[in-house]
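Structure provided below as structure tokens; questions to follow.
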Amino acid sequence: MTTQLGGPATRALPAPEKKVAPEPRDRSLASQIIKITLLGLVVAIAIWASFPLIENKAWIGLALLAATTAALLYLYLTPRHIPAKYLAPGTLLLIVFQVFPVLYTASTAFTNYGDGHRGTKQEAVVAIQTASVTQVPGSIEYALSVATTGDPATGPLVFLITDPATRAVSAGDAGGLRKLDPADVTVTSAGKVTAADGYTVLTFGQASLRSKEITALAVPVDGGAIRSSGLSRAYEGKAGRVYDAGCDCVRDTTTGKTWTADGKVGAFVGEGGDRLAQGWKVSVGFSNFTRVVTDPDISGPFLRTLVWNFVFAIGSTGGTFVLGMLVAVSLHSKRVRGRNLYRVLLVLPYAMPAFAMLLVWRDMFNKDFGLINTFFGTDVDWLGQPATARIAVLLVQLWLGYPYMFLVTTGALQAIPAELSEASRIDGAGAWQSFRRIVLPLLMVALTPLLISSFAFNFNNFNAIYLTTEGGPFAPDNPANGATDLLITYTYRLAFGGSGAQYGYAAAISIFIFLIVGTISAIAFRRTRQQEEVYA
Amino acid sequence: MKWFKKVGWRHAVGVVAVVFSLGPILFVISAAVNPLGTLSSSQIVPSGISLDNFTKLLRDTDFGQWFLNSVIIAGTASAVAVFVSALAAYVFSRRRFRGRRTGLLSLLLIQMFPQFLAVVAIFLMFATITDYWPVIGFNTWWGLVLLYLGGALGVGTWLMKGFFDTVPRELDESATVDGAGHAQVFFRILLPLVAPVLAVTGLLAFISTINEFIFANIFLTDSSAKTLSVGLWGLVAAEQRNTNFGMFCAGTLLTAIPTVLVFQLLQRYIVEGLTSGAVKG
Amino acid sequence: MRIRAAGVAGALTLALLAAGCGGKSDDKGTAATDPSAKAATGELVIWADDKRAAALKPFADKFGTENGVTVKIQAISKDQQTTFVTASQQGSGPDVMVGAHDWIGNLVQNGAIDPVQLSDQQKSGIAGNALKAVTFNGQTYGVPYATENLALIRNTDLAPDSPATIEDLVATGQKLISQKKASEILCLQVGQTGDAYHLYPLYSSAGGYLFGTTANGDYDPKDLGVGTPASVNAFKKIAALGEKGNKTLKRSITSDNSISTFTGKKCAFLVSGPWAITDVKKAGIKYDITPVPPFAGGKPAQPFLGVQTFYVAAKGKNKALAQEFVTNYVTTPDLAVALYQAEPRPPALTAAFDQVKGTDPDLAKWQEAGKNAIPLPAIPEMAAIWDPFGKAEAAVVGGADPAKTIEAAGKTISGSINK
């Protein structure tokens, strides 16, 4: 957020939360005790949090932790920086759990991060080599026992393998394979070695603790290496593709074909332009952004989608607000009996899990089987025509959202002193007049910011569309963009609907959307300044 | 007629709104008590009445545990969020400092970033946290509560700030003249006055937390650690939608109970909130 | 007033303290579920969806006690594949993943799973088409345990004889409607955005295909069948069944209501999979399962074959144990039988199939219906098909021009494949 808020404390690492009571100016004993206790708690948590950091030598993390703790102590012990005292707890949480994820996500817009390009080059090489290991044709399947010559937890690992045909037992490690004397080993009927002189056979429990070493162990033999397949079988395998650091390429061991690393696209590319599926994440500069601007799939329906997006956001916010306020004002009178019951019943839609109700609504709009057509005796293909589908999603939004506005307005109405409107009535103003002149402006002071945030929320209300119409109906010749698509659902389809998720691209589009909605909200927000100053 | 003008129309609006609100819910109730419990909403009158779906839900799933998890997570997160939010709203409303407007605007803007994209970053972050501090890592309540608290400053702060703005400044100014510190003004004068909005914000935070899905889904994977929304979704995921729809509806109805209870509990504050006497101190 | 305020403040502070201290005094059992706690034995973490997680639990426990390891089953309720890939990448994924075989292409390109090495004996114990489905680029990428495919489920009270062709089915359905015994000809889910999976048998019977195959039988992403003249012809036949045709296919029949419409006796025919049978039985309907009929004179109607599979996670913490579990434990019939009992889908292990087929006459019928089935394409490019193809279906069923619609869909698909 801003520099003023927390001073040095605004930088934080994911430490446990810090809750600090504000400092009262009068140094009463009780408040002093509370304050010292809470600060003590902060220090205690910081110390607790530091141990794993020290253990793992995470010095940067430790420095951040120390700096944050020191800043918090300073902040609450000095009489200055009063706003920061109040903002620090929330700001810390905000930075760690919201700002950081958002910035991280935004940064992926400059990469090709997505399916097939999620990890590092190193990981891609490992994946390619692992995926290419196949059993050598005609080779033997061995029964395996994992053993060690030393302590079960730490001693060097040995594979004791049994040839199922001859029942000959060999011991193998990274140095190679050597036969064991049959007299020294005990073999079960299934071919598993249960005991061998000079070796301790590991139980599954013991072996499973050393999983990484077992997976990594390959006993070299002619034509390949013997590897474990689980803990009880071994096979002779050979990597079909190997990475060659010399040419920075992957080579197929049978055909000799090579794929050379291309750092620009994050993939191994063959001579014919074919790519290996396992790629890695690379920086691609602004190409995701230029793609957003130049892609005709985006620019074509963009304007239409944007306009509907505004209609949806404004319609949802406005509709719920008007209805919610109407109901709240209606019930805001001592004369109305059973207000409590009304309120509970009205809040119910909001109390139900929204995703569940979206599914229910979708079904109610069904043309042949839906409750709405059955109930009203109509035969409207609600979700199959652009206009009715739009009405339908707005109606659903109204249903889901107006209890929220009702609650908020009810709360706001309580905060408006009754004398104010009563006084105006004594002055001879009618009920409507006194509402319009006195109550509504005061309501708007409290609620304008909320309306802005509601607008912002609905502008990106992914679930409202995705769980009802999925963006449809779609024109027959354009399956990519539907009549009720919001920018966010459209983005989702573009970025995740094709072959695999393209996070980098999605992040780039999101940044564009963010700029649009952010600008509008910021402009709307400027207007609240006047209101605020009038009543503050 | 005079009665209608004074009170009656209020009832009329209330009744219409209640009908509108309850229509779809009746359908859910119908499906919940219908032993076949399938999703086909052409009829609102169930073909039979039984509590099978409820007993099955309680017997065959970890519903009770989900319920408990949800109430604890949502209760803790919303209580803390209200407090943190109120602190911030107080200074946003009462103090003038550099970066105030920017701060408010930033709070709004940060909410606009699509959440489903942030999932990757959350994974990255909590994988590290789980390594260092497992008690607040994946599969823990505290981790999820902390994650939710990241949004403590947000819409709630805006809502409260708006309300603080409607409380006349003279009140705290006169208290300051009487020698009260900023903390006293906040705790003793403003907080009681805005009790209704604390209640409303608390309720809204509670509802949105208990319904949150995206993060709860990736965060809590043990069946016993799941929250209601994740557990219920699991019931109707993919091709099981028809089979479990009755149970799902039963669960949906039961999910509304804590919210309604919280509402009832806070109703006092919301409704009584400010009597005309309270404004005077 | 003041007392109340103090109460509110006090309660909030208490809650706050509880939250703050919670980090330390953790007594809610969360420590037990903490993944990185130092376990005395090796630990195996398995992810599945909710239903399978519940079915797996007893067997996982058994595997754990027999072998002295800890096995944890965790259920992912939604977006299993994405969650698995993302979690794996960040090192917080499971050791074993349970999921559909058509994930393989995407999981491989993300390096999220390892191949498994099955012995010839183990391979021969698995149904041939199931084994083929989990084979990708010549490697076996998991162990299949159950198969599923669409079939025609028929209410034998309403329609005693199984229809030989779609045309027969339509005629029977129309007769039932005119006799007021049913209100729909066929319950085949379409919905407003279509459903490629359920349409495919008809589409293939009408001569359409999605991807061609290369010489060695793998799907070839360069040979896209959507938008070709064959697909246009297929969609013309489908249009004749649509809302402007004889109304056999309707957008108002959706994934939400197709089964319940059938169990409500409003249609005599349902195209669905083994998962529908639980409901059909519950509704007390006499039924039979037969292959989805082809168009008269058309090609055979091929449903997709889906294979439920155990995968070994490439970035799991305990790969050796995961390999052991998947290759040597999942391949035993006991587990497959138990999973069958949790959910009646034909086991992919032939030994398990033979064991249960005596008690469940449906199994052989499902297998018969799946005789022509082709494995769902597991190549990553398949992800680009579902959405546009489904929408084209919905549009054509709703009465749009087949040629224009399917060509637009083909363009969209090839566009997103080549990006």
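Note that the chains take the letters A, B and C in the order they are written out, and that residue 1 is the start of every chain.
Basically, a contact is a pair of C-beta atoms (placed from the backbone, for glycine too) under 8 Å apart; a residue touches a chain by one contact, two chains touch by 3 or more.
Just so it is clear, the structure is predicted and the values come from calculations on it, not from any experiment.
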item: Chain nearest the global centroid, as defined over all protein CA atoms shown; value: A
item: Pair of chains joined by more contacts [C-beta pairs], B-C or A-C; value: A-C
item: Chain centre separation (subunit A, subunit B; CA means) in Å; value: 20
item: Centre-to-centre distance between subunit C and subunit A (centres being mean Cα positions), rounded to whole Å; value: 25
item: Where subunit B and subunit C are represented by their mean Cα positions, the distance between them in whole Å; value: 34
item: Touching two or more other chains - residues of subunit C; value: 13, 16, 19, 23-24, 86, 89, 256-257, 261
item: Contacts with 2+ other chains: residues of subunit B; value: 39-40, 80, 120, 124, 131, 133, 136, 213, 233
item: Set of subunit A residues in contact with two or more other chains; value: 16-17, 19, 21, 359, 363, 366, 369-370
item: Subunit A partner contacts - residues on subunit C that touch it in the complex; value: 13, 16-17, 19-21, 23-24, 41-44, 67-69, 82, 85-86, 89, 105-106, 108-111, 114-117, 119-120, 137-139, 192-193, 250-254, 256-257, 261, 314, 317-321, 323-328, 380-384, 387-388, 391-392, 394-396, 398, 400-401, 404-405, 408-409, 412, 415-417, 419
item: Residue numbers on subunit A that touch subunit B, as the complex places them; value: 1-5, 14, 16-17, 19, 21-26, 31, 49, 52-53, 56, 58, 61, 82-83, 86-87, 89-91, 93-94, 96-102, 104-106, 108, 113, 323, 326-327, 330-331, 333, 335-336, 339-340, 342-357, 359-361, 363-364, 366, 369-371, 374-375, 399, 402-404, 407-408, 410-412, 414-419, 442, 445-450, 452-453, 456-457, 459-460, 462, 488, 491-492, 503, 506-507, 510, 513-514, 517-518, 521-522, 525, 529, 532, 535-536
item: Of all residues in subunit A, those that touch subunit C in their complex; value: 16-19, 21, 34, 41, 44-45, 48, 115-116, 118-119, 123-124, 126-127, 130-135, 141, 203-205, 207-212, 214-215, 227-233, 235, 237, 277-279, 297, 359, 362-363, 366-370, 381, 383-384, 469-470, 472-480, 493, 497-501
item: Residues of subunit B that touch subunit C when the two form their complex; value: 36, 38-40, 75-76, 79-80, 82-83, 119-120, 123-124, 126-127, 130-131, 133-142, 145, 187-188, 191-192, 195, 198, 213, 217-218, 221-226, 230-231, 233-235, 237-243, 278
item: Residue ranges of subunit B touching subunit A (in the complex, touch as defined); value: 6-7, 9-11, 13-14, 17-18, 20-22, 24-25, 27-28, 39-44, 80, 84-85, 87-88, 90-91, 93, 95, 97-114, 116-118, 120-122, 124-125, 128-129, 131-133, 136, 146-147, 149-155, 157-159, 161-163, 165-167, 169, 179-184, 186, 193-194, 196-197, 199-200, 203-204, 207, 211, 213, 228-229, 232-233, 236, 248-249, 252-253, 255-256, 259-260, 263-264, 267, 270-274, 276, 279
